[in-house]
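Everything below concerns the one structure shown next.
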Amino acid sequence: ADDTITMTVTDVSGLEQLRRDWDAFSSLLKEKTGYEVEFAPVTSRTASVELLKSEKVDFILTGPAEFVVMNKLTDAKPVLGFSRPDYFSAIITMADSGITSVRDLKGKKVAVGDVGSTSSHLGPSQLLMDYGIDPMEDVELVHTTQKIGLESLRRGDIAAWGTNYMDDYLRLRAKSDLAPGAFRVIARGPDLPNDVLLAGTHVDAEMVDAVRTAITENSDAFVKAVVQDGGEENKKYGGMKFIANVDSSDYEYVREAYRTIDRPKFAEFVGN
Amino acid sequence: MSDPTRETRHTRDLPDRLARPDALSFTLYVAVAAFVIWCFQAAEMSVTTFVEGIPSMGRLAGEMFPPAFGRMESIGATMLETFQMAVVGTVLGVALSIPFAVMAARNQTPNKAVYYLARGVITFMRTVPDLIWAIFFVITVGLGPFAGVLALTVDTLGFCGRFFAETMEEADPGPQEALSALGARRSGIILGAVLPAAMPSMVATSLFALEKATRSSVVLGLVGAGGIGIELKAAMDMFDYNEAATIILSIFALVIVVERTSAALRARLI
Amino acid sequence: MSVQPAETVAVPGAHAPGAAASVPHAERAAHLNVRGLRKRYGTDEADVLQNAGFLLHEGESLAVIGANGSGKSTMLRCCLRLIEPDAGDIHLLGQDVMAARGPNLRRLRAQVGFVFQRHNLVPRLSVLSNVLHGAQARLSSPRNWFQATAPARLRVEALACLDRVGLADLAGRRADRLSGGQSQRVAIARTLMQRPRLVFADEPAASLDPTAGEEVMELFAQLMRDEGIGVLFTCHDLTHAQRYGDRVLALKRGQVMFDRRVGEVDFDQLRDLYAPSPSADPAQPQEPRHV
Amino acid sequence: MSVQPAETVAVPGAHAPGAAASVPHAERAAHLNVRGLRKRYGTDEADVLQNAGFLLHEGESLAVIGANGSGKSTMLRCCLRLIEPDAGDIHLLGQDVMAARGPNLRRLRAQVGFVFQRHNLVPRLSVLSNVLHGAQARLSSPRNWFQATAPARLRVEALACLDRVGLADLAGRRADRLSGGQSQRVAIARTLMQRPRLVFADEPAASLDPTAGEEVMELFAQLMRDEGIGVLFTCHDLTHAQRYGDRVLALKRGQVMFDRRVGEVDFDQLRDLYAPSPSADPAQPQEPRHV
Amino acid sequence: MSDPTRETRHTRDLPDRLARPDALSFTLYVAVAAFVIWCFQAAEMSVTTFVEGIPSMGRLAGEMFPPAFGRMESIGATMLETFQMAVVGTVLGVALSIPFAVMAARNQTPNKAVYYLARGVITFMRTVPDLIWAIFFVITVGLGPFAGVLALTVDTLGFCGRFFAETMEEADPGPQEALSALGARRSGIILGAVLPAAMPSMVATSLFALEKATRSSVVLGLVGAGGIGIELKAAMDMFDYNEAATIILSIFALVIVVERTSAALRARLI
């Protein structure tokens, strides 16, 4: 309906978690804009894009890789950036493996995350490329979950593990029974572009403006709603800042990464 | 029996040990056997690796203990919600499966064309992945439980349709023959002889489908309908193994309840 | 009496050997007219029926006798096309069974009560529901087929049918919890419920005790007398064949040996009919093999 | 002759009424001694067996007669504890069946051949494999149980058993593609393969043609004579009871009416035995109901 | 039958239409019915929404056409690899399922404790999600096909173990009784009477398990064993719908082949 904002958050897995993590945000948004706000957790980016196309959702909060895709496929425009500190990928090996540089990985197995994930697939792939190793040619990529990545690194089944430095590596390392010194980071990437709140083309400009204005004008309150009043998973937004003037061209690094993983159709810049 | 000449006669009369396969079947047997052996080689199996790795299995199991019962209440609520949708999806799926199964059972189908068509539809339902069904339904009916229920219905249809059909094929032909002999129509034979014979197996399959729908409720998350599956995935993604253990145990408890219900119903029917 | 294949049967249109004897029936309609029936199971086996044929008149009873495996049950099944005969001409109540399709075939079958040798009850249903099934052809609504939902009038009728075979007090029992003879009787009650114009009964008295056996045969005789129902029954009990058959048809290895009025059969001289088949005829096709 | 419950049977340890008559057997061992057998199916039904008992001596044959549903099959099953009797004392070949457990019970059962009223063949296996099953108790290796894998010696023995019932030429046929009488005979062949010391046969001749029926009964008689095997058989054909039973036991609604030497039974006066049960005794427990 | 006085007697003798349920059962029936109705309400179903949404369904289907057959060769190779592992996992799983099923079949189990234990193990196998099994096996035997095969084996065991047990429970008791009467041991009864009766259903279940293992081979990807599942997921995640359609059609073709094999084998057995 006209006065209802339907919003999904692609990173959140689970309705319950969504309620826990984003209730504060949605009530604040409702309060500040006067619109009804409905949040729905849609865990699949494919589903989100199709929803956007069929106008079943209005706003999507999502990661950089997803943004590039959605922007390309639906022409959806960014509303706001959610800038996260220390959001970058890394390539990790075991300290005693003898592998000290990215070049040593040639011909070896490297574990990365789900296909298309910004920080655990696109980021590490581009990182390898930056160091002169073509992820599609020179190494064997294994797409797996973080836990398996770590465990097989430890067993020596893979030579390196490419993942999100803060969220996955540090967190898993803390839970592991191995000393932090058992690992070695052989490459760290640049900070990745911002997470984005984007709006479908069908959403009228008035609503987009209302949302953007409400959030930027009450930035501190919204940051508090996301971080302090949010749950465990929102910790990654700790120290975040809303960026009002995100531009599609800020995502060139991600587009480059798509080219690196042989998906050139998402590498072309669509313009703003 | 003790007369040796008779025994010789018998040896002559003994049936072949195995039906002699024709050339085609024989080639097929050999090919299948060779393929299976090849598969086993490709699997790079090794018992020693397995045995050596057992201690590390213990480590992971250790990480999951003790289960974290702190969020039990909210897990319970999600379970209930999931189960609700699973019930609806399964009921609809089972209801649709019965006519499909009749058409897809070799001995009940009205004709060969219908048989192949029904089989094809059922097979197609389960070959198309959940994610695609979820997207389909979310586009069609919007986000929420309804889309989830439809995805579960399709899943159930693909599963129950096939198993119901197979059970109907196995039903004792005697009573069916008796009913055709007295001029019963197809519907009469199915209601009167086939379904009573298939009932215990159908109960088991249906309750399995219910259990399956609850367990694999990740699809519900895809359509914004929540569900315990996605909670479990979240717990795993957050490396919260103790919470994951709690969720698994809760699902296990529910599955046990469903299975005992199935066993009790079947005990009455068999 | 030495039994030889009855050559006359082979002539199409000709009456069976008993035909001359059945002249008294000539004015009655032929309820069932079977000619040249041939059947083999599986292509690599021997013929189970070879050119079998007979006539059954209204209100007449025909006893089919023959050794085990001589093809009696197969013949009965073929007459209703429960199994498809390989060749043959079957006219039932004036209609061509071989040409009948779908609803026509069903309507024909509905007129014939069939008591199976293995009874073929539906095991998980109650006795009363099994009997109600007999009415399926004439009552098309599914609620009539189960005792829990059938209208009272119908349940009373089914119970009456059970009563005629002496089983009214077991109406609520599950059909697979019956003794051998009880399940036989339920099968007969189901046939009565059908209100048939013709009854095929495959060894209907085989598992019945002597009194019940006589009662059932008397019941059939009464149906014949009172309602003009034709009865075709098989049996191994020659006293039954003698007492309740108007005519006797003898099968041997799928061939009709004779078809005579009962008075013309010498029941003490049937040894040949039941003689075991000559061992392993090498010309005979091979049996298929199974584990 | 009016039949009344035999009161003596109730006295524990006392011989059945036929005991005095069986004095000639006194020197022979009692192969089977059953006393006070009681059985009801389901708690809300009537007793199917009430205080039934009898003695069977080595090499003796006992014919059990009684109306449909009088409890004959139940009694046979109870004797081997295929269904658990509610009470009773069963001694088989000198051992207490009620006390036997696991391997002991199996060893006891292995000595008794059981021909079931419904034959109970394994439908998807070949006739020969079904017969080979008879040897399961004495040959523990699974390869002996299937005709495709059994050693030649055993297959020949099984074929010989089939030959004794006249079915050697159907050895390779699947068991569910037999005629009623053929499947009956395979069940008997399976029992022969078992080399039993005692045979329980539940209406073994019911689906057999007259000649085959006599042959099978003769076969049992021969086993009795030559190998001292005791035979307990039920039948509805009173001429069989008369000709092949040394003693006759009559059951009526689960009670032993009499147990006499065959010479003392007046077979023309058994109407009472087969009289239908008085209708709907209100004191009788209710039947459970089914759809 | 035509005598009215007799009819009156009969009315009195007629069995109850339904067994009168005791208070507990009655409460249970009502509770279950109420729960199901409540579930349906929670599902927010609406036929109009569904019908209105059908055009958008068409759009998505349209996007999948025409399937892109460009990468057919590499898809074929991956399919073969996946199928190989599925064969091995299924063979092992089926082999393990048979003894488990015997213990978990109410009428075959040596005793109640074993029954509950076996049921518990089988249920547990399928309650613990694939992902966790994958982690377990990677830790134990390392990344690669072996871990994948083990994950599929466990999956198959959880599925076949239950269905085999249920089929065994439904086997005709007659032949089993005959074998116990002649002193056969449990193994003899199972081999001689239960398995022949259960065989057609077991063939169907096993080949379904094979098909299931091929379809849901995503778990293979997780353990670094490749597999068509991960290819399909990648194609979907990368919005390569035409390629996804190709993969789905290839899987569909394979599933049809497996199903026809199953049907042919069963036709011989039934």
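Note that the chains take the letters A, B, C, D and E in the order they are written out, and that residue 1 is the start of every chain.
Everything that follows uses one rule, which is that a contact is a pair of C-beta atoms (placed from the backbone, for glycine too) under 8 Å apart; a residue touches a chain by one contact, two chains touch by 3 or more.
This one's a predicted model, so the numbers in the text were calculated from it and none came from an experiment.
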item	value
Labels of chains that are neighbours to chain B and to chain D	C, E
Minimum number of chain-to-chain contact steps, chain A to chain D	2
Chain whose average C-alpha position is farthest from chain D's own	A
Angle of the C-alpha superposing rotation, chain C to chain D, to the nearest 5 degrees	180
Approximate Å spacing (C-alpha centroids) for the pair chain C, chain D	29
Where chain B and chain E are represented by their mean Cα positions, the distance between them in whole Å	2
Distance between chain centroids, defined by C-alpha means - chain C, chain E (Å)	43
Gap in Å, rounded to a whole number, between the CA centres of chain B and chain A	36
Per-residue multi-chain contacts in chain D, two or more chains	118, 124-126, 147-148, 168-169, 171-172, 280, 287-291
Interface hub residues of chain A, defined as touching at least two other chains	46, 50, 54, 145, 147
Residues within chain E bordering two or more other chains	13, 15-18, 56, 59-60, 131, 135, 139, 142, 144, 233, 236
Interchain contacts (touch definition) - all pairs	A-B, A-E, B-C, B-D, B-E, C-D, C-E, D-E
Chain A residues touching chain B - in the complex, by the definition given at the top	6, 8, 12-17, 40-44, 46-47, 50-51, 54, 56-57, 145-147, 171-172, 175, 177, 232-233
Chain B - residues contacting chain D, complex	1, 6-7, 10-11, 13-18
Chain E residues touching chain D - in the complex, by the definition given at the top	13, 15-19, 172, 174-175, 177-185, 187-188, 191-193, 196-197, 199, 269
Chain C-touching residues of chain D, taken from the complex the two chains share	41, 66-69, 73, 117-118, 124-126, 129, 146-148, 166, 168-174, 177-182, 184-185, 203, 206-213, 236-238, 270-271, 274-277, 279-280, 287-291
Residues of chain A defined as touching chain E within the complex	45-46, 49-50, 53-54, 69, 73, 109, 111, 114-116, 142-145, 147-148, 151-152, 155, 157-158, 263, 266
